[in-house]
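Next come two complexes, and both contain chain A; in the first it sits with chain B, in the second with chain C.
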Partner chain A sequence: MIARLIMRRLLEAIPLLLAISLVTFFLLFHSPGDFLSALRMDPKIPAEFLEREVQRLGLDRPWYEVWARWVWGVVRHGNLGNSFAYKIPVADLIGQRLFNTFLLALSSTLFAWLIGVPLGIIAAVKQNSWPDRLASAIAFFGLSIPAVLLALFAIYFAAHTEWFPTGGMTSDNYTQLTSTWARMKDIAHHLVLPTIVLGAGGLAIYTRQMRSNLLEALRADYMRTALAKGLSYRQAVLHHALRNALNPMITLFGFAFSDLLSGAFLVENVMAWPGLGRTTIEAYNSKDMFVVASAVMLASVMLILGNLLADLLLALNDPRIRYD
Partner chain B sequence: MTGTQFSQEHPKQLSRRIKQALGVLGLISALTACAPTDSVQRDEQMRTPEEKASTTSTSAQVNPATSVAAKSTPAIAVVTPVARQTSYSLEHRATPPPPGFALPFPDAYPVTDIEPGKRGGSFTFVSFGEGPKSFNPITTNESSSSDIIGRMFESLIGFDNAKQTYVPGLLKEWYMEEDKRCWILKLREGLKWSDGSPLTADDILFTAQVIYDPNISTPLRDIMQVAGKPFQFEKIDDTTVRVRLAEPTGSFLALMGWGPISKKAYEEAYKAGQFDTSMGINVAPEKIVCSGPFKLKQYVPGERVILERNPHYYKYDRNGTQLPYLDTVIFTYAPDMDQMLARFTGGTADGIVRPRPDSIPDLADGQTKGNYTLYDCGPGDGANLFWFNLKKGKNPDTGRPFVDPVKQAWFEDVRFRRAMLHALDKESIIRTELRGLAVSVWGLESPANSFWINPNLRKYEYDPARAQALLDEMDLRDRNGDGIREDAQGNKVSFTFITNKGNKVRERVASLMQQDWAQVGIEARPQFLDFNALVTQLDSTFEYEACLLGLGGGGIHPANSMNVYRSSGRTHLFNPRQEKPATPWEAELDRLADQFNATLDVAEQQRIYWRMQEIMSEQLPILPLWTSKVFVAVRNKFGNVKPSALSHELLWNIEEFYVKEP
Partner chain C sequence: MTDRPDTTPPAHEFPPPGSAIVDADDSGAPSYSPGRLAWRRLRRNRPAMIAAGVLACLYLITIFGSFISPYDPAERNYAMTNHPPMLPRFVDENGKFHLRPFVYGMVLVDPVRQTWKYDLSKKYPIRFFVDGTPYKLWWIIPMKKRLFGVDPPGRIHLFGTDSVGKDVFSRCIEGGKISLSIGLVGISISLAIGMFIGALAGYFGGWWDRLIMRGVEFLLSIPTLYLIIALRAYFQTKGVLGLGGAQLTSTQMYLIIVIILSFIGWAAQARVVRGMVLSIKEQDFVTAARAMGASTLRIITLHILPNTFSYVIVAATIAIPGYILGEVALSYLGVGIQEPQVSWGIMLEQAQSLTTIRNYPWLLFAPASFIIVTVCAFNFLGDGLRDALDPKHRV
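And now, the complex of A and B:
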């Protein structure tokens, strides 16, 4: 069953990805300007050079031809094309950046879930007690403070206490750190604040969601039945209420997974994290076509995988859910 | 003049957009004001009194360019302008080293005009953006890359920013042969690449071969031509090369600003068709073989580039110490200008160039505490320009005329263009919106270009009465009493000018210009376009009436800006790519441009170029507005710092920097 589900989803993804890439190329070609725009107003750049570049980069071809060639290259050779600006394969350019973004996204997701879910559970089980109020307060702040403001707070905090670096991913002396352990510590040190800033919104949402889900489940008839047949309250909560309350959380996780790429951009920019978002925006601004297209495809793939993963987890958590 | 100003605005623009979206509360600026880093609000409060003072004072300011900021904080170090020369020699002969120099090999470069320093230490430079795109000096024409490439690759012929003269580089001498078409280039003997292999004439020939290869993407191929024909390079011996030109040219020095690349290191990749990627950001640092003071040590994407001393560099000081003095130079990248400033004021960086104008007062105040000096290098080599679209004809795709012929008739009248400039109160715009950090200009050349600028150009001073008289003379009068002039047929004299959006200062300046022109009865409406859309209009659809644009700097030799003067030029902004000159004075400009290239006498070239500027100033197809001043800030612990308005403003002599004894 699971294998069939995966197969079906992957087959469905093919036309979807083709359509998304088609639209991307259409928009790239039909919005004003191209990669050479910045050079066109430069008196030092000879006209002959611009003409040759237009041909070399294929900007004089119809957009669907460029799209078809690119898709063929991806399918046939796994080649995402070359970046116009960097003149190196797109895969080389975004590989490192993708890792950085992924690291940040992973740590902030873990942060949000490992704190948000237990906090929501405690808040629901001990409704109206002081831990519940504390959880509410945290969630309230997390939801109402925009990430950019939180990022500025974090930078201010870092600058004044000097406990954390104000931005970036590695220290200037990173290369002089010889042991892998010291390097990991350096990156972890840089990771703390961006993780909190990026994870705060999710933390708040998961706490509130977990709390209300669990509260609802605690009042359900099956809880009364479970308690009546002699289960301890603890067992009843863990084995009956919690499993039911988790379902909507898993759906949320599917979306969060796809947000990993797009959501990190703001924090990357404000906190100088060298991630994929910054490269993508730079490429978009300079109309570095294949980099933009690859980044869009990457985000789409993440969305599809995220949803698939969420569906699989749902099936694992809840035996009532079937996909055939 | 490059487009770099725009591309640099993108990241800033973006972060500003984010801040705008959320900054309604004013909370953010309050917060940043508390931060030690950047202080928008405090800065505003501080400036207001001076701002008022300067706008109310009438003729008190002798030099309006001495800024508001400079008045409130007189401590900004002003870099002495370059002394004006009358001529210089196209040729250069090798001279024996000055007495007292003990050079390890006879052709090593004796550096005379510096304080001898000690070796050691590191310099951290911060700029904003995503960092270099490539380390390839032949195929790269983008500023964040050339900042670094310029430290790693030495030119054949150097340029001294402080004196604005050509100086020997890898070449010890260069001169013309009898027929004036052949140049002899003599390399220093004993030069070495950073990998220790010898740098010889073969490398120059290899580099020329790469440049002229049609498969290699480089503008140098079209630049290194005379009369449409490439140069011919011929090896005479290991250190001598003969360059044969189709015709004699006086711009030879400007065409020799490039440097060679190593044949041994790159020939294989070139033959395999992989030259583009052979010096990409993803290759191992030791694969970048270079000739400059520093070589690549490490590249961290989006964060920093670390350069280390090239042990085979050819310059020595009078104590026999090999340059550079510094062990390493670190380039770090901040996502935007605010964070660039924060890293400098926070102490993690040693130098910045071109900080945002609104940060100048705070930077000036922080000098003692931060132990740095803020230098006012004077006007830069960019320019802010305004022009009317004089291109005739129709857009072949839509059939619409580029410009409404009724309006174009006014634009074509030189009296109209002069009236427009007389009506502009440039000085007050500079004093207020530009915070005094710009200089009014009257021609296309910046005052930074001391040798080539014509100092005697006509000044169209602010004179609304004169503007009114010129418009009356054209029979453009307010016929219906609505405050706006009409022509004889009753058409309202009104036009739209386009400019790029996302630059707040530019937007406010545009509205001030609108007000100034309304005073003389002309309706002008600014229209703000995305940069890419703007270029499309200027370069391909031509459907606009007028344009306000700031062009960035780069290259002061007139050869770099001939495309603006020539009627066939792509950047002949007001009427580009003409098949034959539309007006007699444009034909005259074309003739002068040809003459300029053909003459071998620099003083004569200067006269010709002055004449070209004079024609532009008389005909005024482009209204010259102002040039922003360049500021550079650098920590006091470094010696031999010589900031300049020309690129690179701070790092051009980085090999001479040393760390002073505490």
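And now, the complex of A and C:
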């Protein structure tokens, strides 16, 4: 069943991705100016050179032809085209960036789950205690401060305390660090603030949702049955209530993925994290067409895979769920 | 998460012990209309009412913004750049109490790093209804009076000034015109489209329904900001409604942002409205209306859509911060509102450099607090409205 679900989802994703790429190319081609606009303004550059460049980059072709060639290249050779600005394959350019975005998304998801879920559990089990109040305070702040602002506040915090770097992913002396351990430590140090900033929204949602799910599950009949059978309260909560309360959380995880990618887009730009979102804006500004198109596609792929992952987790946790 | 199919089975068949089966309001008062009951529940929800009050204040301040702000938001004053916020005081340096609040004059200590010090010898009492630079209220009425100000040569900058000496307080209020209105305009457009399309899809079903739902899935499967960037590129010249050109006017830019945000926003609304219409159209009163010969248009607009209103109101309130933050994000990324227009997003964009954040933090915190207060207020009001209109669905 799981294999069939994966197959079906992947098959469904193909027309979707084709449509997304088609629309992206249409939009990009119909925007004013192109990569050479800046060069055209320069009177010192001869017209023949520009003519050659236009042909080399394929800007004189109709947009659907460029799109078809690009799709063919991706399908046939796994080639995402070349970056106009950097003159290297797009895959080389954004491969590393994609990994950085993935790293940031992963760490902030872990942060949100590993703190949000236990906090929600404690808040529900000890309703109206101080951990409960702390949880609702965190949920309140996490939900009402948007990621952009939180990122700017984090920079303010970093600039004043100097505990954390104010941006970027590596220190200036990163290349001089010889051991892998030192390099990992450096990246981890840079990762702390972006992780908290990006994870805060999810943390708030997970805490709140976990608390209300578990409160509901604790009042369910099967809980009473479990306790009547003689299970300890701890066992009843861990084995009966918790597992039921986790289901909506996994669904939530799938939906949070879209927000996570958009949030990462902003946090990367505010905190100078060299990820996909930052590359997209740079490429957008220089009209580096294939880079923008590839970034949109890869972000969509990440979203589709994230939703698939959520569905799989849900099926694993709850044997009653069937996808057919 | 009301707008998603619920995959979880109900945890219990019966209401949990201890929870009232019927709301206290509903029991003994059958003569009250649902709307009146909802209003009573909302009135009792203190956070929601406070939020409503805060929002009313914010919108009123914005509407009368030109009158309330002491200076023109574009007025530069190179003698007072990067000036810290001034606190209105009642007690002076000798501990003497003044009924009329005043501000101290300031002297520049370090012209390079632009640090300022109180000049205790100069006190400027705050006066109300003073004559300031002339302006036009609501773009029409020429006026000179400002709500408050100080006698020249003193100046009052409640939230400080920016790098060219513009008054941050006035700019925050002016920025509210764009930031606050964009939420209302955006949600109106996407609700109108979403309800129309969602109702048609739900009512007629068939290939039309499938087509629309594929479109909705398509829109929802591109990460929002990436989609916004792609759309933003397109709208630079082409655009709809004959907008566009190499140089966009500020009105066009505003409209483009609203159009982009609504273009993305309608999909989620349409999906939920469709779901509701699917179940509503099977109910007896719709069959009755059809039996009485009501036209399709009449059934949809007068019988079905009003039943979605309670959801729509809640969804609208909860979605508005998304539009406000969408503008912030676009302007912050440099593809939204441009100078000389002011919005909270562009104010953040101007405050983003490390030097600014470190040395002149009020440039960040002033617009940030307006954004946070607005977003908070809409969230609380939305929660309250949901509890009031749909008391069964309480999270």
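To be clear about the criterion, the second predicted complex is superposed on the first by the 317 of 324 C-alpha atoms of A that agree within 3 Å, B and C clash if a C-alpha of one lies under 4 Å from a C-alpha of the other, contacts with A are read in each partner's own complex, and residues count from 1 in each chain.
The definition used in the following text is that a residue touches a chain if its C-beta (ideal position, glycine included) is under 8 Å from a C-beta of that chain, and two chains touch if they have at least 3 such contacts.
All figures in this text were calculated on a predicted structure; none of them were measured in a lab.
Chemist: Where does A:303 make contact in the superposed view: on chain B (first), on chain C (second), on both, or on neither?
Modeler: A:303: touches chain C, not chain B.
Chemist: Give one of first, second, both or neither to describe whether A:317 is in contact with chain B, with chain C, with both, or with none.
Modeler: neither
Chemist: Who does A:152 touch here: chain B (first), chain C (second), both, or neither?
Modeler: Both chain B and chain C are touched by A:152.
Chemist: Who does A:251 touch here: chain B (first), chain C (second), both, or neither?
Modeler: Only chain C; A:251 stays clear of chain B.
Chemist: Could you tell me if A:87 is touching chain B, chain C, both of them or neither one (first, second, both, neither)?
Modeler: Only chain B; A:87 stays clear of chain C.
Chemist: In the superposed arrangement, which partner chain does A:79 touch: chain B (first), chain C (second), both, or neither?
Modeler: Neither: A:79 stays clear of chain B and chain C.
Chemist: State whether A:266 touches chain B only (first), chain C only (second), both chains, or neither.
Modeler: A:266: touches chain B and chain C.
Chemist: After superposition on the shared chain, which partner residues are touched by A:168: those of chain B (first), chain C (second), both, or neither?
Modeler: first
Chemist: Once the structures are superposed on A, label A:42 by its partner contacts, choosing first (chain B), second (chain C), both or neither.
Modeler: first
Chemist: For chain A, which residues lie in the overlap of the chain B contacts and the chain C contacts?
Modeler: 31-32, 146, 148-149, 152-153, 155-156, 159-160, 166-167, 266, 269-270, 281, 285
Chemist: Show which residues of chain B lie in contact with chain A when the two form their complex.
Modeler: Per the stated touch rule, the residues are 1-4, 6-7, 10-11, 14-15, 18-19, 22, 27-28, 31-32, 34-37, 124, 129-130, 133-134, 136, 139, 141-142, 214, 217-219, 221-223, 276-277, 280-282, 297-298, 300-304, 306, 330, 332, 334-336, 339, 342, 346, 348, 530-533, 535-536, 538-539, 549, 551, 554-555, 560-564, 569-571, 577.
Chemist: Can you name the residues of chain A that touch chain C in the complex?
Modeler: For this pair, the touching residues of chain A are 16, 19-20, 23-24, 26-28, 30-32, 143-146, 148-149, 152-153, 155-156, 159-160, 166-167, 208-209, 212, 216-217, 219-221, 244, 247-248, 251-252, 255, 258, 261-262, 265-266, 269-270, 277, 280-281, 284-285, 292, 295-296, 299-300, 302-304, 314, 320-321.
Chemist: Inside the complex, what are the residues of chain A that reach chain B?
Modeler: My answer: residues 31-34, 37-50, 52-53, 56, 85-88, 92-93, 96-97, 100, 146, 148-149, 152-153, 155-156, 159-160, 166-170, 172, 174-175, 266, 268-270, 272, 274-275, 278-279, 281-282, 285-287.
Chemist: Enumerate the contact residues on chain C facing chain A in the complex.
Modeler: Touch residues, chain C against chain A: 1, 4, 7-9, 11-13, 16-18, 217-218, 220-227, 229-231, 233-234, 236-238, 246, 321, 325, 328-329, 332-335, 348, 351-352, 354, 357-358, 361, 364, 368, 371-372, 375-376, 379, 395.
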